[in-house]
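Here chain A shows up in two complexes: once beside chain B, once beside chain C.
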Partner chain A sequence: MFEFGPIVRTLWRNKTGAILIIIQTALTLGIVANAAFVVDQRRQIIERPTGIDDQHLFSLQLAPLSETSFSYQDVQRDLHEIRRLPGVIDASFSNTSPLSNSGSSSDMTNEEDPQKPMAAMVDLYSTDSHGLNTLGLTLLSGRFLEEQEVTASSSFEDGSNSIKAVVLSRSLADKLYGKDVDPTGKLLNGLPVVGVVASAMVSYVAPGYTDGVAFIPRFATNYPPNYVIRCQPQQCEQLMVKVPELLEKLDPNRMVRNVRTMADNKHNSYRRDRSMVVMMTATIILVSAVTGLGIVGLTLLWVNQRRKQIGIRRALGATQLAIIRYFLLENVVITGIGIVVGVIISLAINQLMVQHYSMTALPVSYLLSGMVAVWLLGLLAALMPAWRTIRISPALATRNI
Partner chain B sequence: MLQMENISKVYRTETVATHALRDFNLHVQSGEFVSVTGPSGAGKTTFLNIAGLLEQFDNGRYMLDGISVSGLSDSARSKLRNEKIGFIFQGFNLIPDLNIYDNVDVPLRYRGFGRKERQRRIDKALEQVGLAARQKHLPSQLSGGQQQRAAIARALAGEPAFLLADEPTGNLDSIMARQVMELLEQINSQGTTIIMVTHDPDLAHRAQRNIQIVDGEVADFHGFNATAAAV
Partner chain C sequence: MLSYYLQLAWLSVRRTPVMSLLMILTLAVGVAVSMTMLTLQHVMSTNGLAAKNDTLYALQIDNASAGDGGTSSGNKLTNGLPYLLSYRTVTTLLRSDIPLHQVAMHRWAAALSLENNQVRPSKELVRVTSRDFFALFGVPFIYGQVWDKSADNDARYQVVIDRTMNQRLFNGENSVGRSLQLDGRPYQVVGVVEDFNPLPSVQDLTQGAFGGNASIYLPFGLHRALQMMPYGSMTYSSSHPRPQPQEPLTPEQQYEQILQERYFWMQYWVELPDADTKNAFVSYLRNYFDEQRKTDFFERDFKYALSTPSQWLALNQVVSNDTRVMTWLALVFLAVCIINTIALLLAKLLKQAPETGIRRALGASRSAIFIQNLVESGVIGVLGGLLGIALSQLGLGLVRTLVSRDEAAVVYSDGLTLLLTIALALLASIIAGCYPAWRVSRTSPAYYLKNQ
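Let's turn to the complex of A and B:
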C-alpha cells in the first residue's frame, strides 16, 4: 500500500531536486526554530507584568523657564492640589518617568558577612510617602517611606548621607539578603531598610539591567522633577489635560512637558524588542513562503514530468487517492530528511548565538514545534500539486506521447 | 468474459463531434485470443481504452467477467482494472526510475498484497518471461524485447482474467516481435484471454479470431478456429 521503498529508490536516482528541497527544508527549520524562540523570548519580555498599576498611571515633567533649581515646597503644593482633583487616586514625585527605561542606578552591597558580600545593581527610585499608593505597589513587610523622611538636596552625593530610610523590592532583597529573607531593620550601605514591597519594574524595563528597586525619600533640587499620577478608570485622558492646566495656574513660570501614559512609556521602551519581533516574524513568514513555494514548484514539476507515469499507474490500478498519496509520501520522505538535517543546523545556529550573542540555549520544545511546522508546511505545499493529479486520465497510458 | 452491446463513444469539441465507436458489439469468451485490426482513426484505441476501463463510454452496456461496469465509481473502476485486466502497451510503459522487480510490483501494491505474496508472484512472473536474472536492472539497461517481456510479467503478476495488448510488437524488430508473440501464445495456451490490437496482419492471423474495426463499428470478423464467435 505505502511505497516508501520505491519512493526512496526513485529519489535516489533523481537526487538534484530532492537535495535542493532537503537543504531548503533544513535551513528553514534552523531559521524558523531559532527565530520563533527569539520572538517568544521578546514577547515574554514585552508582556511580563510590571508590578505597578501601569494601566492607570501617567507622568509629566516640570521644566523651568528661568530657574535652575526646584523647591520641594512647591512640589508638595503641586501634589497636594493634584490629589484634590476628581478622578485622581494619588500622586507622588519621582526622579524619572516610570517604565521609561531611564533613571538612576547604582551598585549596592550587603556587607553583613565580610567574607561573602552580596552586591546588586539597583534602580534608585526617588519618591515620597505617596509612592506606594501611586504606583499601586504591595507592601510585604515593614512600612513604606514617610513624608518627614524626604530630604531635598542638590545631588545624590550631597543627600545620600542624610537619607533616612530605604524600601527594597522583593527581588532586590532576595539578591542582597537571600530568598524571602526580611531585611527590615538592617542597614544597607548605611541606609536603614524600613520595608519590602513586592517585585516591580519601576524605572527600567530592560531585563537584567538591574536586580531590583530601592525606593528612597530624596528630592533632587537641581533636576526637573517628575510627577506620577494614578487615576481612576477612564479618567487618565481627561486628567492629562487638567493637571498641566492646574500646574500652569499654580505657577506660570515653568513648563509642563513629557505628559505620557505608562502605555506610551512601555511602547517606547520596548521599541527594540518589538522591532525584533516584527523582523523575526517576517523572517519566519518569508523563509516559510520561499520553502513552501519551492516545494510547490518542485512537486508541480514532478507531476508534469510524470504525467505519462501517472497515467500508467492509473491504468495498472492506482486510484486517484493512491496517486495523491504517492506524491505526499514522496514529500514526507524529502521533508523528513530535511528535518533531520535541520535539527542539526538549528542546534548549530543556536550554539553560535549562545556563544556570540549571549542567548540562552534553544529549548527542545521549539525544535519539536519547528519540526511539526516545517513538516506540515511541506505537506500543505505538496497537497495542491498532488491534487492536480486527479485530472490525469488513465487513458494517457495508451497515448504515444 | 467480455461483452459489449451497442457501445458508443463520441468525442466533442465546441464545433465537432467525432463518433469514435457506434453501436459497437463484441463478445469475447474466456480463453480466447482475439486480434483487433483496422485503419488508423477507426476506433481501435477507443475500444481498447473502454475495454480496459481507461475511459468511459456514452451509451451501451459493457459486462466484464459478469460485472456491469456502467456507473462504477473511479475507485471501483481502478480496483476492477487492477484485478481483472493486464495491460501490455506498445511503448512498454515501464516506469524508468524503478528496476524491473519494482515495476512488476507496482500493480501488486495497489492490489494490497503482502510482501511475501508480492515476492512470490513477481518471481513467478519474471521466471515465466525469462527475466528472473534481470530483476535489479533498470528498464534502460534492457533491450526492447526484454522491456516488453518485463511489461508482460507486470501484466501477468496480478493473474488477470484477460490481457489487453496494444500493438505489443510495434516497437520491436522482427526477431523480438516473434519472441513476444510466442510468449503471448504460450500465455493464452495456459488459459488467459487475450485481446490484441495490431496493425500487423500476420500477427492478427495468429490469433484465433480477428475483429476489424472501421469507422467505429465492427466491420468484419474472421473466425480462425471453431471456438471463436462474435456478436
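Let's turn to the complex of A and C:
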C-alpha cells in the first residue's frame, strides 16, 4: 500500500536526519503532554469559584498608634457609619482579609461518637451578623450569627467558652458530620452549631489547606480588626478612597492600612499558579514552534536534495499528488515513531516529577491529546514543503544525465 | 586560514538566510529559556550567610505531639521536623554557655512614630531577638552597641535600628540616646547597625523567602510586659487536652500559659565553631530533652536537626518545586533546540557536500574540511548565543512581572549567570556543530566528483 516500502528503505539508508527528528518529536511530546497537564491543573485551581462575591468586595485593616486594645463599640460605630455611605451594600468586621491566604486555622473534632471522632482543619473566621450579606453567602439551613452573640475580649482571656454560636460551611459540615447531614442544633467542641452556609473559600484559597469555614461571633480586642465592605457594581473604586477618609475622621488616632480588593487578594494568592501557567504555556508554544519550523526546514532541504529523483518519478508518470503524498507519508512515519518513543519519555518525565517534586501522575487523556497534537504539528509542518514539489517539472529528469 | 574560513562561513550564512536565521533563532531561544530558569534558581538559592556557612546552624527539635503522624503538615520542613520551638525551650537553651553565640527570635509588628510627629506613622516589622543576633550573623554596629544582657530577661524599653531606619528617622545622625515610639510607647535607641537584608532572608524563612528582614530590633525580655504575640505563625499542638482551670484565668496567667505550654513560635540559631562544641551542644540538648520528656513536655523520642544556612534554604524549599520542574523542562527544551539545530545544520552541510568533494579532490585533508565546517557551525552558534543572552534578559523581564515584588527585585542576572549563559551558548553550538562537521568531512570526494 502507498509507498511504505520505499519510504522506510530510504529513511534507513539516510538514518541520521530521521533519527534526530524522531528524538526531537519524542522530547517535544514529553514537554507538551506534561506542561499541558500542569497548565490545566493550575487553571482549574485558579478558576475555582470562591463562593463569595469577590468582584464587589474590598477590605482594610486598622492599626492603632498608641493603645493596643480595641473597643468593640468603636468597631460598631465605624461599621454603622460605613453602611450608611451610598454605594455600600453591607460591611462587617473580620479577623483577616478574605482570600489573602492568611488567617486563623485550627483542628476541630466532632466527638459525638467517641469511637469514631471526625476531625477537620477549620478556617476560623470571626465576624458579626452582617458577615453573611457582606460576603454574599447563601444560608442553607438554620440561621446566621446574631448581633447580640458577638463577644469582645482579648485572645488571652478565656475565649473559647464565651463563643455563643458557630455557623459552618457545607464542606466543613460534610467533613465533620457526614455528607449532607444537617448539624444545626448540635454541639461542636461544646459550641452550639446554629446554621450552615454554602461552601465557600474565605480566608484561605490554597487547595486542601482547610476543609471549610467556621464563622464565629468573636471580636479579639488585642488584634487589629479588618473591615470587609461589599459595594454596588462599580462603586468599589471610589469607596476605597471614601471609607478610609471616613475612618480617619471618626478617629484620627489610628492608621488605615492594606486597603485591597478581593480581586487583588485572589490575584496575589494565586501568583505562583499563574506564573506556572504563563511559563508552561510559553514553553509549549516555543517548543511547538521550534519543532514545527525544524520539520519545515528539514523537509524543504530533503525536497531540494531529491529534486532530480522527483523529476524522474514525475517523468515516469507519478502525479503531483503522489509526490506530495510521499513526503507527507514519510513525515507520518517519522513523527509516528517519534510519538511512540515520546510516550515513554512523557511517562518518564512525569514519573520524575511525581517522585521528586510532588506533582500528580499524568492522566492518559493528556498523553493521547498530546500525541494527536504533536502528530498534527508534524503533518502541518510538512505540508508547505511537500506542496512545493508541485513546481518540480518532469523535464528536470531530462537534464544533467 | 581562520579568517578565510570565517569569510566562507559568512558567505554560506548569506546564501541560505532563512535557514541560517532559523538555526540561530532556535539556539537563541533554547539558551534563553534555560538561562532564564537557571538564573531564577540561582538567585533564589543565594546564601546571604555563605561566609559563616561552616559555623552557623538553625536548630530544630522534634516537639510534635505524640499523635502527629504526618510529615507534610504546615508547621514542618521537608526533614519531617517542626521548624518552630516554644518559649520555654528557647529560654532554657539560652542559658547554656556552650555555643559561641546563640539567638532566639521571632517576628513582631508595631506602629512606628516619633514623639514630635516628624515622620508619618507606619506599621513596621520588628525582630524580637536575644542580643547575640548581631554577633552571630555578623552585623556590625555603626553607633552605640547592643543592649545589656539584663534586657534579654527583664523589660527594658531599648531598641536597635539599622542604617536605613536611622536615615529615615534621624537623618543618619548618631541617634544613640534618642527615642522612637512603637505602639505609642517610647523606646531608647541604644545602637545603630548596618543593614542586614539578605535575599532570600535566610535568617528567617517562616513567612516566605523574603519576609524575614526587619529594620528594628527589640530585646528578648519584653514578652511579659507587652504580652507579645508573633507577627507570623504560632501553633499549639498536644495530644493532651488543654488543662481546664477551675477559675477563669487573668490575661497574665493566660499569657504565661503561652510561654510555658506547647505553643511553638520561636526560631533558634547557634554558632558552633568546631566539632567539639557541636558535640557538646548536642549532648546538652539531649539531656534537656530527656529531662523534659519525663514530664511529657516533649511527647516523642529525641530527634533534632542542626542545619547550615545553605541546608536551611533547601529544607525551607526556597527554590520551589515549581521552579525546579520548570528548570528541568527548560533544559529538555534546550536539548530539543540543539537536536533541531544539528538536524538542520547536517542537512545544510550535506547539501554543500559537492563543493566539499572538490576541495578534498584538490588535496584538502579531512581535518581541514572538519575545521572549515566547524567554523561555519561555530558562527551560527556564536550568533545564536549572543541573541540568546539578549532574549534571556527578556525572559527574566517576563518572570519579574509574574513573581511578587520582593522576588522581582532579585531576579536579575549577575556576572556568574552571564558567564554561564555564554558558556552554555558555546557548548550548545559546539555540540550542534561537531557532528555535522565530522559527517561532512567523511564524505568521499569521488562520489561527488562523479556527479558533476
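What we mean here is this: the second predicted complex is superposed on the first by the 394 of 401 C-alpha atoms of A that agree within 3 Å, B and C clash if a C-alpha of one lies under 4 Å from a C-alpha of the other, contacts with A are read in each partner's own complex, and residues count from 1 in each chain.
Convention: a contact is a pair of C-beta atoms (placed from the backbone, for glycine too) under 8 Å apart; a residue touches a chain by one contact, two chains touch by 3 or more.
Only a predicted model underlies this, so the values are computations on that prediction, with no experimental measurement involved.
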Partner chain(s) touched by A:274 [first = chain B, second = chain C, both, neither]
second
A:13 in the overlay: touching chain B, chain C, both, or neither? Say first, second, both or neither.
first
Which of the two partners, first being chain B and second being chain C, lies in contact with A:283: first, second, both, or neither?
second
More residues of chain A in touch with chain C or with chain B?
C
Touch test for A:314: chain B only (first), chain C only (second), both, or neither?
first
By the touch definition at the top of the document, which applies to A:322: first (chain B), second (chain C), both, or neither?
first
Which holds for A:395: it touches chain B only (first), chain C only (second), both, or neither?
first
Just checking: does A:27 make contact with chain B only, chain C only, both, or neither of them? Give me first, second, both or neither.
second
Of all residues in chain A, which touch chain C in the complex?
16-17, 20-21, 23-24, 27-28, 30-31, 34-35, 38, 63-68, 154-158, 209, 222, 255, 257, 268, 271-272, 274-276, 278-280, 282-283, 286-287, 290-291, 293-294, 297-298, 300-302, 304-305, 349, 352-353, 356-359
In the complex, go through chain A and note every residue touching chain B.
1, 3, 5-6, 9-10, 13-14, 308-309, 312-322, 393-395, 397-398, 400
Applying the document's contact rule, which stretches of chain C touch chain A when the two form their complex?
19, 22, 26, 29-30, 33, 74, 111, 113, 121-123, 183-184, 226-227, 229, 245, 248-249, 251, 254-255, 258, 320-322, 324-326, 328-330, 332-333, 335-337, 339-340, 342-344, 346-348, 350-351, 398-399, 402-404, 439
Which residues of chain B touch chain A once you look at their complex with the stated criterion?
45, 48-49, 52-55, 74-75, 78-79, 81-83, 87, 89-91, 93, 95, 97-99, 102, 105-107, 109-112, 154, 158, 166
